[in-house]
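Below is one structure, written out as C-alpha cells; comments come after it.
Labels for the chains are A, B, C and D, by order of writing; each one numbers its residues from 1.
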Amino acid sequence: MSFRAALVFQILRCMHRSTPLRQLQVFRLPMSHPGDLSALAALLDTGRVRADEVVAVIGKTEGNGGVNDFTRGYFTQSLMHLLGARMGRDPADLLLELPCVLSGGTEGVLSPHYSVFVRSAASADAPACPALAMGRAFSPPTPAADIGRWAQVHAVADAVRSAMADAGIDNPADVCFVQVKGPCVTAARAAAARAAGQQVVSDDPNRSMALSRAAGAFGVALALGEMADDPALEAGLLTRFDLWCARAGVSTGVEVQANEIVLLGHSAHWRGPLRMACEPMADALDLPAVTRVLARLGLRADPQLDNADRHRVAAALVKCEPDRRGQVRGTRVTMLDDTDINAQRHIRAAVGGLVAGVLGDGRIFVSGGAEHQGPEGGGLVAVIAEAA
Amino acid sequence: MSFRAALVFQILRCMHRSTPLRQLQVFRLPMSHPGDLSALAALLDTGRVRADEVVAVIGKTEGNGGVNDFTRGYFTQSLMHLLGARMGRDPADLLLELPCVLSGGTEGVLSPHYSVFVRSAASADAPACPALAMGRAFSPPTPAADIGRWAQVHAVADAVRSAMADAGIDNPADVCFVQVKGPCVTAARAAAARAAGQQVVSDDPNRSMALSRAAGAFGVALALGEMADDPALEAGLLTRFDLWCARAGVSTGVEVQANEIVLLGHSAHWRGPLRMACEPMADALDLPAVTRVLARLGLRADPQLDNADRHRVAAALVKCEPDRRGQVRGTRVTMLDDTDINAQRHIRAAVGGLVAGVLGDGRIFVSGGAEHQGPEGGGLVAVIAEAA
Amino acid sequence: MSFRAALVFQILRCMHRSTPLRQLQVFRLPMSHPGDLSALAALLDTGRVRADEVVAVIGKTEGNGGVNDFTRGYFTQSLMHLLGARMGRDPADLLLELPCVLSGGTEGVLSPHYSVFVRSAASADAPACPALAMGRAFSPPTPAADIGRWAQVHAVADAVRSAMADAGIDNPADVCFVQVKGPCVTAARAAAARAAGQQVVSDDPNRSMALSRAAGAFGVALALGEMADDPALEAGLLTRFDLWCARAGVSTGVEVQANEIVLLGHSAHWRGPLRMACEPMADALDLPAVTRVLARLGLRADPQLDNADRHRVAAALVKCEPDRRGQVRGTRVTMLDDTDINAQRHIRAAVGGLVAGVLGDGRIFVSGGAEHQGPEGGGLVAVIAEAA
Amino acid sequence: MSFRAALVFQILRCMHRSTPLRQLQVFRLPMSHPGDLSALAALLDTGRVRADEVVAVIGKTEGNGGVNDFTRGYFTQSLMHLLGARMGRDPADLLLELPCVLSGGTEGVLSPHYSVFVRSAASADAPACPALAMGRAFSPPTPAADIGRWAQVHAVADAVRSAMADAGIDNPADVCFVQVKGPCVTAARAAAARAAGQQVVSDDPNRSMALSRAAGAFGVALALGEMADDPALEAGLLTRFDLWCARAGVSTGVEVQANEIVLLGHSAHWRGPLRMACEPMADALDLPAVTRVLARLGLRADPQLDNADRHRVAAALVKCEPDRRGQVRGTRVTMLDDTDINAQRHIRAAVGGLVAGVLGDGRIFVSGGAEHQGPEGGGLVAVIAEAA
C-alpha cells in the first residue's frame, strides 16, 4: 500500500467510527520514595483521575535496577494497595491485570517518577484524528525454564497481539512503541527449577535478565511482522545484534512473573492532543536522535527545549546499553570492566544526562539493557507530547 | 581600561616581544590502563615530543575518583618513570616540578585519556597573537592540618601567582582557566596529624577532599583578584556557595602532597593555533553553556559538532557537582542519598554524557566536586581548540 | 544491695506474683525477599501465633543499610498489611504501636530473616523464674531538627522507661538489652526543615544516621542510670567514645519518624525457657566475646556450636562498627577510605562472618553503626536462647 | 608406601644431602597504599634481606579484586622498580621471573600487606628436617583464546612441575600448597582476539576470571597426579564442582599475561623453623577447619590464638567463594543476587572476618573465586608458622 493510499485509508477509518471513541491521558508524577503514591492519591481524591480508568503505570524508582532491586516491588505493592482500596478490589487481583512497568535506577540527574496512563471515553465531538492509542496485555506466568528461550518470544508476541486488539489497532505500522516488562531468573528460582528437573538458560541473574530482555524484543518484532517465527533464531538472542526492533523497550525484574505489555500507537478511534514519536539511537552519543524525535512532534530543541515546549512533553522513554565492544565512537570506555558499578547503571547515568540536557528535564524513563532494542550499542528514544 | 584601550595595549604588547616567543601544544592520548603510557612513549620515540618540553599532564584515569583511587598514583608513577628515563633524571625529582593533574572516574561514556601539554620555542615569524599560554607552579607541601583552611587558600593563591609569572601573563583578566590539584586527608594522615598534636579539619576523607577543593577555588579567586584576602572567609568554605570562581577547576587526591597549578590563558608572547574558552554551567542540565563555549571558539554544535569541528578540539574540561539541595530544576534527584554509588560518580556520568553528546566525543576531563567552581549545583565547561 | 540480698529479693518477687504471668516466644523466620511475609502468614494460618500477640519484629533485610535502603519500608508495609488484615485493623495505626526494627544489609553469609516476638499469658503452673521479659514503646515523632541532639536523647530515655514499665521491669539492672530504631535526616527532610527555618545537625545523611544512633545510645544509658542528664553531654555525641552503653543497640532508617523501643530483660513475672545474655565486643576480632556470651547461656562453642546447641538459639543480635582510627589491633584496614563500599557494609560482613562462624548460622541481626554501643571500634553481641 | 616407610625414606633423604641446603624466610610487611614498598626497602637497606634472594611475593592490595583493579599492577610496578634498582636490573626483566601474586580486595578487617619469600643458603649445621621448601615457575604467556581451556590447564601443570623441580621436591605428596596467578580476558583483549579471528571463552570479564581460576586449579591437580590428562574434562571447568584440589589457590588479574606459580611444600633439603599446613573448608562457616590447620602446626586457638602463638604465624592464605546454590547451611544468602557489591567482595569480607577472628590478626591473604579449589561453596585455609 503506497503512502497516499494509506492516508486515504486512515481518513476513511477516521470517518467510520463504529468503535466507541477513547482518549488517553498521561500524568507524570513525582515520588519521594518508592512507597510514595501520594501524588496519585491526590489526583484520585480530587476526581481528576478515576481509579478504574488507570490502565498502566510506567515509572522509574530509585533502586539499583538489578536483580536485588526491591524498589520496583515496593512501588508495585503500594500502587496496588492504593488502587485496590479505591476500587474495593483485592490488590492481588489488580496485579494480574494492571501493567506496572518499572525500571530501577535513577542515576545522575534522573528523577524518580511515574507516568499514569488513564483511558477514558472521548466525546464524539472531540476534534482531530488519529490520536495516541494504548492497549495492554499480560502473558501467562512464564516458567523459569522458559526465560530467554523461544517459548518466551512466543509468549511476548501473543501478548503484543492482544494489546494491539485492546488498543483497537489493526495495522502493525500504527504501533509506535511497545513496552514490555518481563521476568528473570534469580538464584532462588534457578534452584527451584533445577529441583524440578528443569534447566534454566543461565545461573547468572544478570545474564538471565539480559536474555529475558532479548526475548522480549524478539517477541515484539515477531508480533509486528518484523521477524520470522523461526525457533532457530533463539540462538540469535544476545548474539545476532544485527537483529533489532526500533519499537520495543523491555525491562525485567524479580517482582514480575509474566510478560506485561503496554502498547502505544496512533488510531483514528482515539481522541485528544497526545502524539508519540520514536527514533533509534545509533550509539550512546546520538544526541541528534533526540532532537529528531522532538522535531517529529513539532518541538524545537535549540539546543534545549524552552519552557513552553518542555511543558508539552508528557513522557520520555529511552533504552540504552553499554556497547559490548568496549568503545564508543572509537574511544575506549570502561563500563563493562567495572566491578564496582554495574554497566547498566553507568549507561543510564550517561544517556540520561544527555537526554535530560536536551529536554531540560530529568523525569525520563531511561532503561538500560537495550539488547536488540535499537542498534547495537545504541537504543532508542521515544517521546509523548501534546500536539502543537 | 576600556575594551578598546585594552585591545590597543594588547597589540602593542604583541609588537613588543622582548620575551622569547613560546608555543603550547596539547596532545590528547589514549591509555589502555592507568599504567599505560605507550602513546606518549611513541611520541617521544618519533621525536614529535621532547621529554624536557612536557610541562604538564591533565588526565582522567579509570578509578573511582575517591580517597582510595590509586589509578592516579599508578599513572603518575608510570609517567615520571617514563620521562625520567628519557631525560636521565630521577622520577622523584620530576614529581616535584611537573604537574600531573588526574581525576579518577571515567563513568558512563567518558574515556580514559590524558592531555600532554608541551611548551616549546616559537619561531618569530609564526602568525597571529595572542595565543594560548600556559604556566605552572607547585605550592610547598601542605600539612594535613592546613587542608581546608585559609592557610591552604593562601598557598594556592601564591602558587597561582607563580604560574601566571611562569606563563608570562601579567593581567589576571587574561587568565582563562586554572587547574589545581590539591592534597586531602586520609585516615592515616589524620591519625598522624593527631599524633603530632594537630587538628585536621575533618576526619571524613570525602569531606576533607571537598574542603581541599573549596580552598583551591578560593585560592584561585584570591590570586585573580576576585576575592578579598580575609581569613574570616574561611568559614565560607563549603557554606557560602554564592562565592564562586568561574575560572577555577580543582581536584584532589591522596597521591599529591602539595597544591599543583596548571594555568591557561592568552598572551601576546605566545604563538600557535590554540585558543581557549570557559563558561560557567548553571546546573547539571546546562547544555546551552556547552554550545556557548564552543561558539566562542568558532565551533558550531547543531546539535552536535560535525567531524571537522570535532577534530579541532584539543581538550575539554568540565567541573560539576551533585546539587546539595537534592534537586535539579525542581525535580528530585537521588545522588546524595545513595549509599552504593558516590554522588560524584553519579554526576560525572550524567554531565559527562551531556557534554560528550554535544562534542560527539567522550575524551573529556570531567571532574566532580565543583564546590565554589561555578554556580552552586552547576560548575563550568572549558574547551581548548584550534582557531578556525 | 549485695548479690545475696538481690537474689533473696528476686525470689520473693517470684513468689509474689500479683501481676499476671506472661510468656515471650521468639520465632526466627526466613524471607525470600523484603516483601515476603509468607512464613509468618503460615504461623498465623495454623494458629501457632495470634496476630494480636505479636508485639515486635526485629529483622534483617537485604538492602544496603543506608539512607536509600527501602527494603526496610517495604518489609514494614508488608508486615503491617498482613497483621492489619488478620486483625481487621488499619495498617497505618499498627505502624504506630508495633515496633518493627529492621537493619538493612545481609552482607556475606548473613541471611535475610526476621524474629517475631510474641507475648502471651503464661499459665500459673509454668515452671521456673525469672524468664525473658519484653516491653515496647514509641517516642512521639522526632522533628528533623531534633535528630542527633539532646532532645532526641531525652525522647529515647522517656521511651525506654515506658518500655520498662510495659515489660514489668522495675530495676534497670534487670534490663539485658534495649533495641532502638531511630529516624534520620534525608536530603528531603533537611530541605523541609530549612524551609521551616530550622537547622538540622548535619546535611550529610550518613552523618545524620550516625548522630541519631549516638543519641539513641545516650538515651538508653540515661534511662538505665548509666549517664547523667546533662545537656552538655550533647557535645559528646560522636566525639566522647569513652561514653558507651553495653546494653543499647540502635539502628536508624528513613522509614521511621519516631524512636521505637524493644526492651528485653529478665523478670519474675514472666515464664518460659528463654534467657538472654549480652557482652561488649572490644573490637571487630573479639571472637572470645561471642563464646563468652554463649557460655553464660550454657551453650558451648568448641570451636563452633554443635547441632543441638545451635537449635537452642532463638536470636542473635550484634552491633559493630568500622574503627574510626583506621586500624584493627594495630594493622591498617581500609573500610573508612573506601569510596565504593560503605564502611558499615564492610564491617557487617566481617563481624557477621565471625559470629556466624561461631554459631554455625548466618541468621544474625548484625547492625553497623555501633557508636557508643560498646567500646570504640567494637560493639556488642547478644543472644537469646532456651535454657539448658 | 606406609607412613612408617615414608618416614624412613625422609630420614634417609635428610642424611643424603647431595643438594645444597636452602632456607626459606617469610616477611609479612604492611603497606600504606599499593605503591608503598617502604617496608621492604627498609629490610633491603639494613641488609636483612638481599634483593637477589627475593623469590616471590604474595600480597593483598586494597583494590576491588575485579577486572578493573589496578592496585595489583601498581604494586607490581613499584616492587619491580625497587628490586630492579637494588640489583641494577631492568624491572621489565624481573617481571618475567619473579612471581608477584596479588589478590585485590581488603574487605572488612583484612589488612593490606605482602609476604616476601626469601630463599637463601642454609648452613649445614642447621638443625632439623624436613623444613618448608619453595619453588617457582612461569608458564609462557597465555593467549586470550587459551584462557579457560585445556591449553591453559596444560600450561599450568607444566609450570607446576617446573616449580617442583625448582623447590627440589620430587614427590607430589610433599607439596603442601600451590599458588597460581593467572591471566584473564578483558574487553580489550577479547576485542583483539576477535580481530585476530580467535574465539575467547567468554566476553564477560568476570566469567573469564572464573574460568582462568578453574583452569589453574585443574592444572595443579593434573601436575600433582590428582586428575587425569583428559581434554574432555575441559567441559568440567565451572560445572563439575565435585572435581577439586585441596592444595591449589588461584587468583587472576589483568596485570599478568602468563601463569605464575609459587609452590610450597616440605623437603629434607631445606632448613629453618617454618612449616605449613593446609585444610579444605567445607563451607563459608567452617571455623573448625581453621582451628584444625592451626592444631597441625602446634598452635592452639581457644577460641583465639594467644599473643605468643600469634607471633609464630608467618602467613595465612585462604580461598573462599560465594556458594553458587545461594545458601549457606540451608539459609539463603544474597551475595549472588547483589548488583551493588560483587559476590567475591562479600565472601572475602565474611570469611576474612571469621579467619581473622580465630587468628586475632587481619593480615590474611583471602582470595575469592575458589572454583575447584576445595569443596563447592567452601575453599581452603593454609598457614605457615614457626615450629613450636
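In this text, a residue touches a chain if its C-beta (ideal position, glycine included) is under 8 Å from a C-beta of that chain, and two chains touch if they have at least 3 such contacts.
For clarity, every value in this text was computed on a predicted model and none was experimentally measured.
Path length between chain A and chain C in the touching-chain graph (shortest route): 1. Chain centres computed from CA atoms place B at the largest separation from chain C. Between the CA-based centres of chain C and chain D the separation comes to 41 Å, rounded to the whole angstrom.
Put simply, the C-alpha centre of chain B and that of chain C have 48 angstrom between them.
Averaging C-alpha coordinates per chain places the centre of chain B 42 Å away from that of chain D. Multi-chain contact residues of chain D (touching two or more other chains): 32, 62, 64, 68, 188, 332, 334, 340, 345.
Chain contacts in this assembly form a complete graph, since each chain touches every other chain. Of all residues in chain B, those touching chain D in their complex are 32-35, 62-63, 68, 70-71, 73-74, 77-78, 81, 188, 254, 340.
By the touch rule above, chain A contacts chain D in their complex via residues 64-69, 186-188, 190-191, 203-207, 324-327, 332, 334, 336-340, 342, 345. If you check the complex, the residues on chain D that touch chain C are 30, 32, 62, 64, 106-113, 284-288, 290-291, 301, 303-304, 328-329, 331-335, 340-341, 345-347, 349-354, 356-358, 360-363.
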